[in-house]
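We just call them A, B and C in the order they show up, numbering each chain from 1.
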Amino acid sequence: MTRVIRFADPLPIASAVLMGVALWLIFVWVPTETNQGAVQRILYFHVPIAWGSMLGIFIVSGSSFMYLWKKNEKWDRLAVASAEVGVVFGGLMLLTGMIWARPVWAVWWTGEAKLTTALILFFIYIAYLMFRAYFPPGAQRQRLAAIIGLIGAIDTPIIYFAANLWAQAHPPIITGPAADSESSLGSDLGLVLLTATVAFTFLFIHLVQSRYNIRKAEDDIVELKRASGTKMARAGRSS
Amino acid sequence: MVTTAARFAIEARSIIKNFGDTAVLRGLDLSIPPGEVTVLVGANGTGKSTLLRILATLTKADSGSASVVGIDLAENGPLVRGLTGSVLHAPMLYSDMTVRENLMFFAALYRLSNVDDLIERFANKVGIESRLDDRVRTLSHGFQKRVALARALMHEPRILLLDEPESGLDAVSVGRLDDLIDEYRSSGRTVLMTTHVVEHGLEIADRAVVLTGGVVVLESTSPALDRASILAEYSPTRESTTKRDRRP
Amino acid sequence: MRDSLAVVWSIGRKDLLLEVRNKEIIVAIAGFALLVLVIFTFAVDLNQANARLVGPGVLWAAVAFAGIVGLNRAFALEVEGNTLEGLMLAPISRDLIYLGKALGIFLFLAVALMVVLPVFAVLFNLIVFRWEMLAISFLTIIGFSAVGTLFAAMSVRVRAREVMLPLLFLPVVTPLIMTAVESTAHLVNGRSWSDMSQWLQLAVAFDVVFLVVSAFIFQHILED
């Protein structure tokens, strides 16, 4: 039997411990924000998760670029691993954001620039993953996926600029308690956010790493299959 | 503008090409001197077509390098394509344009001048002059193949890549094709071809290259004489493998 | 340079010639866009205020969706006869193939728009025939062709290419759709150049960026 969890791995342990501390800080230690009430606590998840999804997009574009440049498989693995984790984080970011916005802004969704940009980017990276799933395997799939990753990165500032202009023309409807007051928390907020962000960053890296390793194992299997095919062919039995 | 000092008309170095988990070319090396007709022999799936497609710059090798008259494919694709003429499996013609329109269009891409004369001349050469103003859709497969051949020849390439060029051609056209290949050889140009009529291919070729499992397992400079051993080597049902396994 | 332009034009002209014979792409684009417009006249109560409000959005959504249909068709045609490989055999760099195909798509969209715009003006009872509209349309369909040609070439070998193309195309061109909708809204509300200048600048930036990037990247797409 192989051990599924390697207890020597520091990253998941650090992530778990920090996550525990963060949960304690969020639900026990930090006082309730006076204007928004208990729902404000979801921000302590929302912000780190959003950070994780941004990190994901950043790594996808970076490693897509590196793959096109260096043609080294490891960049492709890194790109797809962080795209998958990034999309999960992105989905959670949108969800937690909406849950927070409904009581605080009085709407589930609005045409605010950051929201629009996040949503469109989420769709671009969904398309990235779907493309990988649909396209026949091989070097071309990796090349084309890298191109999509890169296009997404190039498009990001343009989307944000457009979303900003759009939001100016159609001011987002925000009427809830967040509209008219400063936070009552001050520096407490910063400490909790920082802890949660570090915890989620560790989690993110751990997930990407695991996904990367699985990907590597898959590639190794393909390599073995090719090699055994070569053996068969050399033995003159391949048609 | 073109370097002519190259020793080989076509050179391939450790070409690897995989499609998913099937390896098609497994580190293939090949050097073909100019002025020769080389026939690639091998069972289905041994990578003959893939090799031609790589040399025609339609497919990228996963690793390895290839050059045509000393010019690297990856470095100067357009120049290499200008020196190469290819007839591969599909005729690659627009079926709703006439033969003449197709040839004129491709002549424009090849930046040829005196296009009308060229088209007449090569249409006569491959025997399509009577159908020049018919739409490609109305032509039989054999005729389309001849149009494709005319397209590949129009720019007087120094290297001709042919993937089973005789398929779909009648006996007369095959004879014409042989003449054409002869003409190419005598003018010092190079032909690399596959054929599904192996025996015939071995008769007209100066050199035979046998592919098995994505590598070259045998090269012969007198294919007509080595016929027996070539056929034995290429036959997919053959049992003995010891000799071949020693080759890199 | 002159040579390159001649090659690009040859490819575009070839697409036009085929289109004159088949009428597959322009009819698909225009027909699809018109149907979307007509269906929206039932979906929304089109009094003058509503028409101004939703008209621009409906118009450009229709054009974007119809454009996808045309793009799919345009590349399916090149792949069915393996003619894309014929283009790839020619001694030209791949960016010229890209520009030639993009030019063809641009011309198809332009012709389709000439049909769609008058019908839009009639159905939605809006005045769109002003110089500004020419600029808006021009910039928008350049961007559509630039991005669309790239993604259509990428998805043409995918199993579900009809699904894949819109999934790739629409999110990436959202800035352009916003531009087109907002500028057209300014226009039907009787405002002028200065109000839409920021949007038009954005469209110009989008077009330039994606034309250059796509032309540069196209060589990686064609060879399998």
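Here, a contact is a pair of C-beta atoms (placed from the backbone, for glycine too) under 8 Å apart; a residue touches a chain by one contact, two chains touch by 3 or more.
Worth saying up front: this structure is predicted, and the values here are computed from it rather than measured.
Distance from each chain's C-alpha mean to the overall C-alpha mean is smallest for C.
Between the chain pairs B-C and A-B, more C-beta pairs are in contact across B-C.
The mean-CA centres of subunit A and subunit C are about 31 angstrom from one another, to the nearest whole unit. Rounded to whole angstrom units, the spacing between the C-alpha centres of subunit B and subunit C is 39.
Inter-chain centre distance (subunit A to subunit B, centres taken as mean C-alpha positions): 48 Å. Residues of subunit C in contact with at least two other chains: 223-224.
The set of subunit B residues touching two or more other chains comprises 60.
Listed for subunit A are residues 136, 138, 140, each touching two or more other chains.
Listed in rising order, the residues of subunit C touching subunit A in the complex are 150, 154-155, 157-160, 163-164, 167-168, 170-172, 174-175, 178-179, 182, 198-199, 202, 205-206, 209-210, 213, 217, 220-221, 223-224.
By the touch criterion given at the top, residues 3, 6-7, 10-11, 14, 17-18, 21-22, 81-83, 85-94, 219, 223-224 of subunit C touch subunit B in their complex.
Note for the complex: subunit A touches subunit C at residues 68, 120-121, 123-124, 126-127, 130-131, 134-136, 138, 140, 143-144, 147-148, 150-152, 154-155, 158-159, 161-163, 165-166, 169. Those residues of subunit B lying in contact with subunit C across their complex are 56-60, 77-82, 84, 86, 88, 90-97, 101, 105-106, 108-111, 151, 155. Taken in their complex, subunit A has these residues touching subunit B: 136-140, 221-222, 225-227, 229-230, 232-236, 238-239.
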